[in-house]
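Below you'll find a set of structures to go through.
Next come two complexes built around chain A: one with chain B, the other with chain C.
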Partner chain A sequence: MEEIDLLLLFDAVLGFTLVWLAWQTLSSLDLFRAVVLFIAFGLLMALAWVRLDAPDVALAEATIGAGLTGALLLSALAQLSARQKHESETSLFLRLTLGVLMFFLLIGLGYIVFSLPPQALGLSVEVAKNIELSAVANPVTAVLINYRSYDTLLELGVLLLALLAVWSLGSASTRKSAFVNPVLDLLTRILVPVFILVSGYLLWVGAFAPGGAFQAGAVLAAAGVLLFLNDWHLESKYTGFALRSVLVIGLVMFIAIGFGFVFLDRVFLEYPPELAGGFILLIEAAASLSIGIILAALFLGRDPSVKSDSCSDIDTGVHK
Partner chain B sequence: MTPVFLYALVGIVLFSIGLYGLILYKHLLRKILAINIMGSGVFLVMVALAARTEEGVPDAVPHAMVITGIVVAVSATALALALMLRVNEKTGQAVLPEDRET
Partner chain C sequence: MIIDIVTGVLLLVGALFFLAGTLGLLRFPDVYTRLHALTKADNVGLGLIVIALMLQADSWFVVGKLLLIWILILLAGSGVAHLVASTAQKRGLKPWKK
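Coming up: the complex of A and B.
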């Protein structure tokens, strides 16, 4: 009994820390401090997911939510001028009024959640009953790629759309770091192969344990971010068709396999149970490759095949 | 109070704090952080409520939805940051037009 109390105490401390970090993120006037606190917030969120028995979500949060979002935020912050990195104080009247309004919102939402029944099965019974048919043992992977594959298919589309929008905005500012830190350089050479290996492992293990296409893609993207920080870049002969085909391969593979079985008298995205395992792995492999490259490209923030004056010297440079 | 409702409560508080920050602060980077915190709050409520099953095996459907949500959130954040940098480049200030200091 005492052990349960200790765990509840841990939950309470974690919950309080999360709220405090969120509050500090929003109220500290220095934006750099805010971003760093937000990254810490993301890492503690991963801990909360573990406590809620959601290790798949924890992996996704630690790699994507805290890691990649943090890298994106820091890189955007670095491109703002020093004057823009601080914020002026807001008026007390506005803060009090909003505070009271948010308090009422909190009471309302709290009332709704606490009036829900303490026990609810949701769809867990259905998921467990059909797990044999889905050909994967990890229920979260089964839901993502088999039961609710529409969500995942459209999500790949959302990722691609976001990248297209970022590219068409054509951010002119490029990172120009002539100095490459030798320690970072050495570390990258060691870490990137390890990341690729971990990514493959997460992809494979996702069939029966926490892991899967998104986590594998995120680790791949982290390798890409590390490479970009070292001033690495894709050779220009690969930035055209080759890069674009890797970006869309996840979506194309998903749709192709989804439609493939339509001709065998099945509905769109329905796989025959005896073949599902192989096809799910195929879709996941293509999807994680696409997700990884799209996320890394979002970090770079510009179309590498477009040569502007500021980056022409980079694109024609030697391949490292 | 059970851990499930404790985390659901934390999620609600995070959502409210995020909305407060989104409305109150003018800087676009702060607004992006606030939206991300609101999203985390929603995810926390969803996953907490998914853990209300009897036999201790949580419902996998909300988990999968939250993973999808995290990936969509990061792509939306990347797009929002690119838009912010573009606004900053054009106007010299990373704020919405009505908040601009003249």
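Coming up: the complex of A and C.
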């Protein structure tokens, strides 16, 4: 009894802190402070997911939500302050309109939350009943790659589109420091192999425990971020076709396997149960690789194959 | 039984280290002293908590994973502390003097 009360107290403190952090993040005028608060918010959010018994989402939130998004925001901030700062006052009309719209959104969301049944099983019973057919023991992976594979396929497409958009924006200034911190260098040398190992582990374990393609990809991307921070760059002979092949292999593999069985009298993205395990692993492996490289490329913020010509005015030309 | 008591003591002492580190973060005057408080306290505090959890682990595999987490955080914590401090120094932040 007392134990339950203590956990409830913990949840209450966690929930309150989350709302408070979100408010602080939004209201902070100092952008650096806002980003740091956002990262803290992501980490606490991951804790909240753990408390909700959703370790898969918690892993994704911690790696992508807090870690990689934080790194992306920080690098965007560095580029923002490198250019000239322009302070613009938002007009009162715009603020009022936004305020009213947000108020209605709050009412709507509140209504939805309170009209939900307090004990909802949703589709979890169905998933548990058919888990044998999906060939994996982790229900989250079963839903992501088998039952609702359409959603996951489109998510991969969205990631690729985001990268294309960033690349087409072109010349993000590259932060080149001639001096690479030796401690960071050593840390990278130790951590990158560990990250690759952990990424493979998360991919493998995703079949029967929390983990999977997105978490594995995010850890792989973290290794990429560390490498980029050390002024590492891909050799130019790999930045063209080789890099692009890796970027799309997840999507290609997904669609190819999805279509492969259409010729065997099955619908798109339906795998025969006796072979599903192997194909899911194949799709997940290709997807993690693509997700990892796409996320790392998003952090780099420009197409590495065009660095020598279009960015030459900003690039100092210091390459190792 | 004895293992449970040892676990409890280790958890408590670990939590004390975290408390001391947090107090240091809030109360110390500049970035260098705050880092000093944070990294040392958190590394030892986390170590104690990891040892406590190892005593309760079901398998050697879990023990190994806990150990790996500790080592990774030791590496990341000390590395990042150095980076923060060296950046602060490069930007000309003077260490606090009484």
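Please note the rule applied: the second predicted complex is superposed on the first by the 276 of 320 C-alpha atoms of A that agree within 3 Å, B and C clash if a C-alpha of one lies under 4 Å from a C-alpha of the other, contacts with A are read in each partner's own complex, and residues count from 1 in each chain.
Note that a contact is a pair of C-beta atoms (placed from the backbone, for glycine too) under 8 Å apart; a residue touches a chain by one contact, two chains touch by 3 or more.
The structure presented is a predicted model; accordingly, all values stated were derived computationally and were not measured.
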| item | value |
| --- | --- |
| Combined model on chain A where chain B meets chain C, clash or fit | fit |
| Residue contacts with chain A in the superposition, chain B compared against chain C | B |
| First (chain B), second (chain C), both or neither touched by A:194 | second |
| Partner chain(s) touched by A:296 [first = chain B, second = chain C, both, neither] | neither |
| First, second, both or neither for A:73, with chain B first and chain C second | first |
| Contacts of A:181 with chain B and chain C, given as first, second, both or neither | second |
| First (chain B), second (chain C), both or neither touched by A:251 | neither |
| Overlay on chain A, chain C to chain B nearest C-alpha distance, Å | 23 |
| Residue numbers on chain A that touch chain C, as the complex places them | 181, 183-184, 186-187, 190-191, 194 |
| Of chain A, residues touching chain B in the complex | 7-8, 11-12, 15, 18-19, 22-23, 25-27, 31, 34-35, 38, 41-42, 45, 48-49, 51-54, 56-57, 60-61, 64-65, 68-69, 72-73, 76-77, 79-80, 84, 87, 90, 94-95, 98-99, 102-103, 105-106, 109-110, 113-114, 116-124, 127-128, 139-140, 142-144, 147-148, 151-152, 155, 158-159, 162-163, 165-166, 169, 171-173, 212, 214, 291, 294-295, 298-299, 301 |
| Complex interface listing, chain B residues touching chain A | 1-10, 12-21, 23-27, 29-30, 32-34, 36-37, 40, 43-45, 47-54, 56-68, 70-79, 81-86, 88-89, 93-94 |
| Residues of chain C that touch chain A when the two form their complex | 72, 75-76, 79, 82-83, 86 |
